[in-house]
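Sharing a structure below in structure tokens format, with a few things to ask.
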Amino acid sequence: MDRGGLLMWRDALLVAGKDLRIEFRSKIALNQIAPFALVVLLLFAFALDPDRGFLGEATPGLFWITVLLSTLLVVQRSYAVEAADSGRDSLRLTGLDPAGVFLGKAAAVFVVLALLEVGLAAGVRLMYDTSLRGWPVLVVASLAATTGLVAAGTMYGALAAGLRARETLLPLLFLPVVAPVMIGGTRAFAAALDGSSGEGWRWCGLLITFAVAYVALGMLLFEPLLEDS
Amino acid sequence: MEPVILLRDAVTVLGGFPALAGADLDVWRGEIVLVSGPNGAGKSTLLRLCAGLASLAKGSGRVLGFDLVRQRREIRRRVGYLGHANGLYLELTAEENVRFWARSAAAPAHDDVATLDRLEVPTRWRSLAVAHLSAGQRRRVALACVVVRRPDIWLLDEPHTGLDGPSRDLLDGVLREAVAAGATVLVASHELDRSAALATRTVRIVGGVLSSTDEPSDGSRGTVDVA
Amino acid sequence: MTTSAQVETPRRRRGRNERLATTSSRFTRALGVIALLMGASALLLALVISPPEVTQGDAVRLFYLHVPLAVAGGYLGVGLLAVGSIGYLWKRTTFWDLLAASAAELALIFTALTLLTGSLWGRPVWGTYWEWDPRLTLTAVLFVLLIGYRAMRTASVDPQLRARRSAVIGLLAAADVPLIRMSVDWWRGLHQTATLNPLNPSLDGMMLFTFFWSMVSFAVLFLWLLVHRFRVAWLEEQLADRALDEAIAQRRAEAPQTP
């Protein structure tokens, strides 16, 4: 690997380490975002009659909607820590490799979101009485879908960062873009839970395509986002 | 030889307002230049422009030989900028903040500890989250984050604000050391008596306009033609 | 250091003003006449001359508007948005930024009309205004993506920041379209709903001609509107430049003469 590539990975590790350390200290994801996800699961039970088996049938969709909403919060938090001390210049001034910054921030968000998904899976198992089957598809689909969500989220978080309308702009920009992840994740889960893994793998293919595309786009396009004044 | 900072008719626009309306400035290696001027004159914007943070709307500029429009990333990684905001990560400790900046600049190992020692940051603060430190203590940590990067150009916006007497002397000492080691310093301040003693030259900016393409005070180097 | 606004001669100023007064030129006037004639003839063909379809009856006439609107907005509009965005990120000039912005705005309008004509057509044919047809779903997502692009363009007053971020959003949105297309196609693959397939050999020759004539007409109409939208944006940019020049001159005038 050439020197630039090495620097990119070094910078990615540095940024990811810093973000995870901040998360570990503040425990915002654990104390606020995870409970939020739990509340959403409860709300779905209120909205859909829990006695008629809707919840079990709708589990794939409800799971991914909850993940999607939580992604918004994790991404917002990831950029809020950059502006916490009323300065947004640190990441730019460090002169870190832009692709490295992108990968680092995305990796930290990935770790938080993946842990959250494990908790959510336990939540739907217990609360919606959904029996989880087809583990290989579930795991691969989750990893691919989360990578895609995180890559897109990190891009759109940076795109909205520093603007006065950032809280409202982020969902408007992010949610339509991840429509393929929502569809793919839901279909893959539904297929796995139905025991038709062949169908599930096809959707995994779509999720992996999305993830690869957005990771590549993020690495290419993060630099202009770090230039902003 | 080219000045390390060279601005010609530089204009910077912030939200439609020309905060800098035409700045001409030459700063030579080894100078400590004090930028003075009333509130709203454009001091902070001038520093942000030189740091590669604010963009150049008109005119031209080069910092350390890099173009202020096309090579801002090269500039950013070589300058040390301390703005009004400290820009620290509040959840991290003082030590962790300094280490992050040290690593990002690929500074030698243990430079972070040495820097905290040099700035006389007491050991008991170092493992505290920055959020728990006082304003003056945070300012010193923020300074340490700049010092640890060993920048070629130091751009300090009101660095003395919030510091007590001994801390100010400490800062002046650090700056003199840096200049002796070949760095250049640009300080924006309206505390003239404090900073003037430190500075080798003072330039005045008013209404976003600045014109200082004179020779450095020691007169050893010539000026370049106005482009 | 001279202030350009003061030394400029009155005559030159007036000349510039006259040039600023209109967005049309001889070329665009000709293009406009052609576009309007083509549009009118396409409408005439679609709504009056072409025969009703066997199963859909007169409802098929809406299709001659719906599909060309979708193609002009979706393919031409989003394609030019992508071209403008890439161009800006590469060249960093206002031209590409404004090209992307103008294309996105027209694409938004064309996509809205696509949705409108689509649901009007769906009512008699499907019995409902909305069907989760893959293409209609794709159009709906595209519509929201374009609204997001527009939201970014109004979210900042800094022209460079706006141009940079908009270009990234435009590129990401354009890259997303094939992925959305693939996902909704698979998603609704088993629910293929009634549409009009121009490759269907049973299609009457007149219907086929109407369909393609309408396609070309709407594309020309799109390009004509695009030229004008772009020029309006360009003039706005010049106006902002002039306002900035005045603001700079004013700020300089406030500053006392420094030695």
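Labels for the chains are A, B and C, by order of writing; each one numbers its residues from 1.
Please note the rule applied: a residue touches a chain if its C-beta (ideal position, glycine included) is under 8 Å from a C-beta of that chain, and two chains touch if they have at least 3 such contacts.
From a predicted model like this one, the values you see are computed outputs, not experimental measurements.
Asks: With respect to inter-chain C-beta contacts, which pair, B-C or A-B, contains the greater number?
Replies: Output for the comparison: A-B.
Asks: Pick the chain whose C-alpha centre of mass, unweighted, sits closest to the average of all protein C-alpha coordinates shown.
Replies: A
Asks: Per the centroid of Cα atoms for each chain, what is the distance between chain A and chain C, given in Å?
Replies: For chain A versus chain C, the centre distance works out to 32 Å.
Asks: Any idea how many Å lie between the Cα centroids of chain B and chain C?
Replies: Taking the mean C-alpha position of each chain, the two centres sit 46 Å apart.
Asks: Between chain A and chain B, what distance separates the C-alpha centroids? Give it in angstrom.
Replies: Taking the average C-alpha coordinate of chain A and of chain B, the gap between them is 37 Å.
Asks: Would you mind listing the residues of chain A that make contact with two or more other chains?
Replies: As it turns out, chain A has residues touching two or more other chains at 227, 229.
Asks: Indicate the residues of chain C shared as contacts by at least two other chains.
Replies: In chain C, residues 158, 160 touch at least two other chains, as defined above.
Asks: Could you tell me which residues belong to chain B and also touch two or more other chains?
Replies: 14, 55
Asks: Can you list the chain A residues touching chain C in their complex?
Replies: Residues in contact with chain C: 152, 155-156, 159, 163-165, 169, 172-173, 175-177, 179-180, 183-184, 187, 202-203, 206, 209-210, 213-214, 217, 221, 224-225, 227-229.
Asks: Inside the complex, what are the residues of chain B that reach chain A?
Replies: Those in contact with chain A are residues 14, 48, 51-55, 72-73, 76-79, 81, 83, 85-92, 96, 100-101, 103-105, 129-130, 138.
Asks: Under the definition above, what is the set of chain C residues touching chain B in their complex?
Replies: Per the stated touch rule, the residues are 1, 157-158, 160, 243-244, 247-248, 251-252, 254-256, 258.
Asks: Show me the residue ranges of chain C that touch chain A in the complex, using the header's touch definition.
Replies: Those in contact with chain A are residues 89, 141, 144-145, 147-148, 151-152, 155-156, 158, 160-161, 164-165, 167-169, 171-173, 175-176, 179-180, 182-184, 186-187.
Asks: In the complex formed with chain B, which residues of chain A make contact?
Replies: 11, 14, 18, 21-22, 25-26, 81, 84-90, 92-96, 98, 223, 226-227, 229
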